[in-house]
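Listed after this line are the structures, all set down as structure tokens.
Shared chain: chain A. Partners: chain B in the first complex, chain C in the second.
Moving on to the complex of A and B:
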């Protein structure tokens, strides 16, 4: 497993040495990936942590201190961003995953005709880039010209100033994310469903279990590992939410849809305050870790 | 489209009737939902063919018009769209080729060799998988822009994203299906390790490679945040970055944006959906272990 000794090349004569007997090919195969992985992924993870303790506005040789972290605890904008992110997370992820589960079960049903066309509909948003669909959603929810308000007034309901009120703006972002990512989760869940043996359902029907009972007692428990996977990915994705609030609502109105993602971007790449942005980034990582542990504890017991 | 098993002949009339009723409700529930999922795409495609006056008229069009070229010319004038189209294609292609090469070589080694440090290395890669990409974005920027001075180049966009951890897991799983006896037989015949990989192992996992290639291409094609950070000159923009600058403006040219988003989306939609079956298998292969 682990190498207790460093893999230094033994002298060429020592043909019976450990290094001589070690095959070289696997290392050569891994080397290119490993170089990129270490340079552009592993090292930045460490570097970002170190940077969060430096006041980058003082230059590269600033002393290590806790100033960024103490600033975080008092920063009102950070609190707003954190709260908005968590509100979106708590509403959007359960909404999307329950819809995706129901969809996956429906798409997997033997009763469904034209299953290919239905899959087409639900998987299509997956291909749309975030910028493209942000533009479309901004147009759809335009107060004066948007199709959504036209439809609302058409059936006698009042028009909503979607993008200029905090509650409606949040719901537009939640709707947009749900529209885009439900199909993706449904694909993964569908694949999970297809891994469940037909025999289990047949045995259950013979014993007289109704479809509803089968869903709760068979499908959901057997789908749990897949659901857990979807949940962890969705939580990590939502914690980094950037494009939708940046392009649909421009973090507004006021800072009502500012997220940790847009705040990090603003601090890092508008104010070039790298140290402080790193502290925000590590907060995202810490929250992601906490959520992952909770999810594993709650849902990953026997997996 | 999959062939669905028909109702079994020996079922009683009551069971058949009950099946018909539930099938009816199933379709009744799914159909509006499916239309809701398709509606934004339909509106995007239709609006790209109408002048702005029609888009903002009291009765917005629901069918295609004739202003596509006019909208495209406006878009081209605003963003040098053809240039950004070229940039996006070049970046996504280079990224896909290099990423496939790196992850398939690495995945092959993890799947088909035993070597000192293997578990330790794989554990390291596994451990970083749940870390949000956001954590690395600032050091990556400093590395690429300040240390390597690559801002506004294709490599600035490509290099950091090549560290694709999901890809290496996916390829490792694909190569685990290749029989080791086959590789050993080639070794006995005196084939070099490189040749065994290139001419025997790689062709066997071709379906997995195809699915991965399209997912990688799509991810790169649609990526927004990282290109936005490292590309600062208009001529180096990728398509999402160029469209993003338009959307961010207060005076928005919606006809042009709809053309841009339609061009960015519809060819891939067609490709993706024609290969749908591979994706269900492909995404599942990457997602669900054991």
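Moving on to the complex of A and C:
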């Protein structure tokens, strides 16, 4: 117990001069960032909130009112956009994450030759420009000349009018998104897999666990934090979904593939109704926040 | 006499001196065939103003609109010197950004008012200001494949009503085993057919004062009913802008209905079908009814941020306010002039080889006087979005009657725009 010396109390600093002794250089270094952050992030966020209370079609002098928010509560188009977004969310995210998990496990396998090449191949869709890949999907699913319909009729199945019917159009969007983002999630999951110690598997094999048992009892539980990360990102991404419905189906046919993202764009930049678009944007942000909290609560508990 | 000659030559000198004064580069934003048409007027412009370089940028229709609005919202950032604008969409610009464009009256446009039909100016003026100069108009006609009609035993001269059109379509279906349809209708991607037919029947989204929603009036009900009849008879297929062109190229449709500016689209996309095409008037809703309508039509404006407004105006004046300029564009891309003197140009009466030596321009321009007026208003895009969906839903059978569908459309447009539904 010779070491039990009382800790000397921290020397009291005089209140005056505290600022004088604080080093200023760090603040100077982050100042440019702070200024940019305030001008281009913080201010627009505040400004669009204020704007959501104005009918921007009446010009800058329009009075503050609740008209945008009351329109939102009874807007059928908004409900359609929300419903479409949720449909994509519920189908596409689980589909993509299960595929990505299987893919990640396969890519992690020691039996696989040229693993690096496969990893690149599955990640490659993300490198392709969105406009280019959308154009390719439009061509693939063209009713009369698309290769998909050629293949279908080739094996005796009826051709599908992919982009002009609501159900098929939605499935094209989901397919396109899955094609583009599965590899990305697989790579993140692969990093998670490689963080799991070999010892655990070794011990399990000695105890006689089959590979299937190992996957369900070891891989999945230990991969949970990574999966959660992928899920939260995918859910937020899907809520903001814009590119695919805008470029592949143009939100159509009708409003069949209109999402919150394309509806917001349509109100903001087609009708130039920024006030209403701001109200939509805030609603989307709120929904994303709620979803993220729910996911963190449900799946985030440490075992 | 000598004095007169002297002062004349002095005048000429002064004129050419002023022309020499204009110099620099002007940028023009436009789309597809319209951009090519403007390009075709550059040689005649450069004859008058050799020191001005004109750059026409083809951004595509939607992009011109989007970038224009974004530029105006940013206080005139990144705008060209000459801006192409569709009449239907023009009022969004004037009402949201009254300072974004030059009042062309200050450049002398007020002297040209009488040279254009009055209806072309309504959407281009706000208050006392004249924000754009009328360019082309879009009198609607039916373009058709002579060879395909002939093989199916259809005589276009006998197609006077939509019922005749459907009967002809059934013949075409029978002849080609349903592999050739009468036309491609945008359903779910656009509502062009509805707009063309509604306008033909004297109805549109809004009244001409832009004060009330009129989409559920009888003329519009007839229009929507006709589209449903075409689908139910299976004489039309569905496709967006690109799909329609693909069908024309592939010979999957025997006709196409559009504003007359589509002439250039067919001619340049299917040059190998030269001589196979012809034109007839759009069918009427009932025997003896109106066989004319308007779809589209554009104008040119000068953004206030342009540094070379004088040259920009000179360019617009040469292209739009002279018969020479307008006829050049008619020849190169089939843009239908709205300048009155250009519609009397001898070229209009000339037989067109591509169109089986038919004098199509005479047919097309002949309908201009019958076109009922209609106005886009600043809420055009809101109304269009509603109507695209309602039309698709009605075709699908989600409403019992066209009237019920359009009552619903009127309610939705009214709630989106704040304008009341007309009684």
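What we mean here is this: the second predicted complex is superposed on the first by the 285 of 303 C-alpha atoms of A that agree within 3 Å, B and C clash if a C-alpha of one lies under 4 Å from a C-alpha of the other, contacts with A are read in each partner's own complex, and residues count from 1 in each chain.
Basically, contacts are C-beta pairs under 8 Å (C-beta built on N, C-alpha and C of every residue); 3 or more make two chains touch, one makes a residue touch a chain.
Computed from a predicted model, the values in this text were never measured in an experiment.
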When the two structures are overlaid on chain A, which partner does A:45 contact: first (chain B), second (chain C), both, or neither? first
Where does A:145 make contact in the superposed view: on chain B (first), on chain C (second), on both, or on neither? both
For A:208, using the defined touch cut-off, is the partner it touches chain B, chain C, both, or neither? Pick first, second, both or neither. neither
Using the touch definition from the top, say if A:254 reaches chain B (first), chain C (second), both or neither. second
For A:269 in the superposed arrangement: first (chain B), second (chain C), both or neither? both
Check the residue A:27 against both partner chains and state whether it touches chain B (first), chain C (second), both, or neither. first
Just checking: does A:121 make contact with chain B only, chain C only, both, or neither of them? Give me first, second, both or neither. first
Tell me the contact category for A:226 with respect to chain B and chain C: first, second, both or neither. first
For A:71, decide between first (touching chain B), second (touching chain C), both and neither. second
Larger contact residue set on chain A - chain B or chain C: B
Can you give me the overlap between the chain B contact set and the chain C contact set on chain A? 144-145, 250, 269
Complex contact set, residues of chain C against chain A: 66, 69-70, 73, 92, 95-96, 187-189, 238-240, 243, 246-247, 250, 252, 378-379, 381-382, 385, 388-389, 392-393, 412, 415-416
Can you list the residues on chain B that touch chain A in the complex? 1-2, 4-5, 19, 22-23, 26-27, 29-30, 33-35, 37-38, 40-41, 43-44, 47, 55-56, 60, 101-103, 105-106, 108-110, 113, 115-121, 124-125, 128, 130-143, 159-160, 162-163, 165, 168, 193, 197, 218, 221-222, 224-225, 229, 240-241, 243-244, 246-248, 254, 257-258, 260-261, 264-265, 268-269, 272-273, 276, 279-281, 283-284, 287-288
Contact residues on chain A for chain B in the complex? 1-3, 7, 22-23, 25-30, 32-34, 36-37, 39-45, 47-48, 51, 103, 106, 109-140, 144-145, 147, 150, 179, 182-184, 187-188, 190-192, 194-195, 211, 225-226, 229, 232, 236, 239-240, 242-243, 246-247, 250, 261, 264-265, 268-269, 274, 277-278, 281-282, 284-285, 288-289, 292
Chain A to chain C touching residues, read off their complex: 57, 59, 71, 74-77, 142-145, 161, 164, 250, 252-256, 266, 269-272
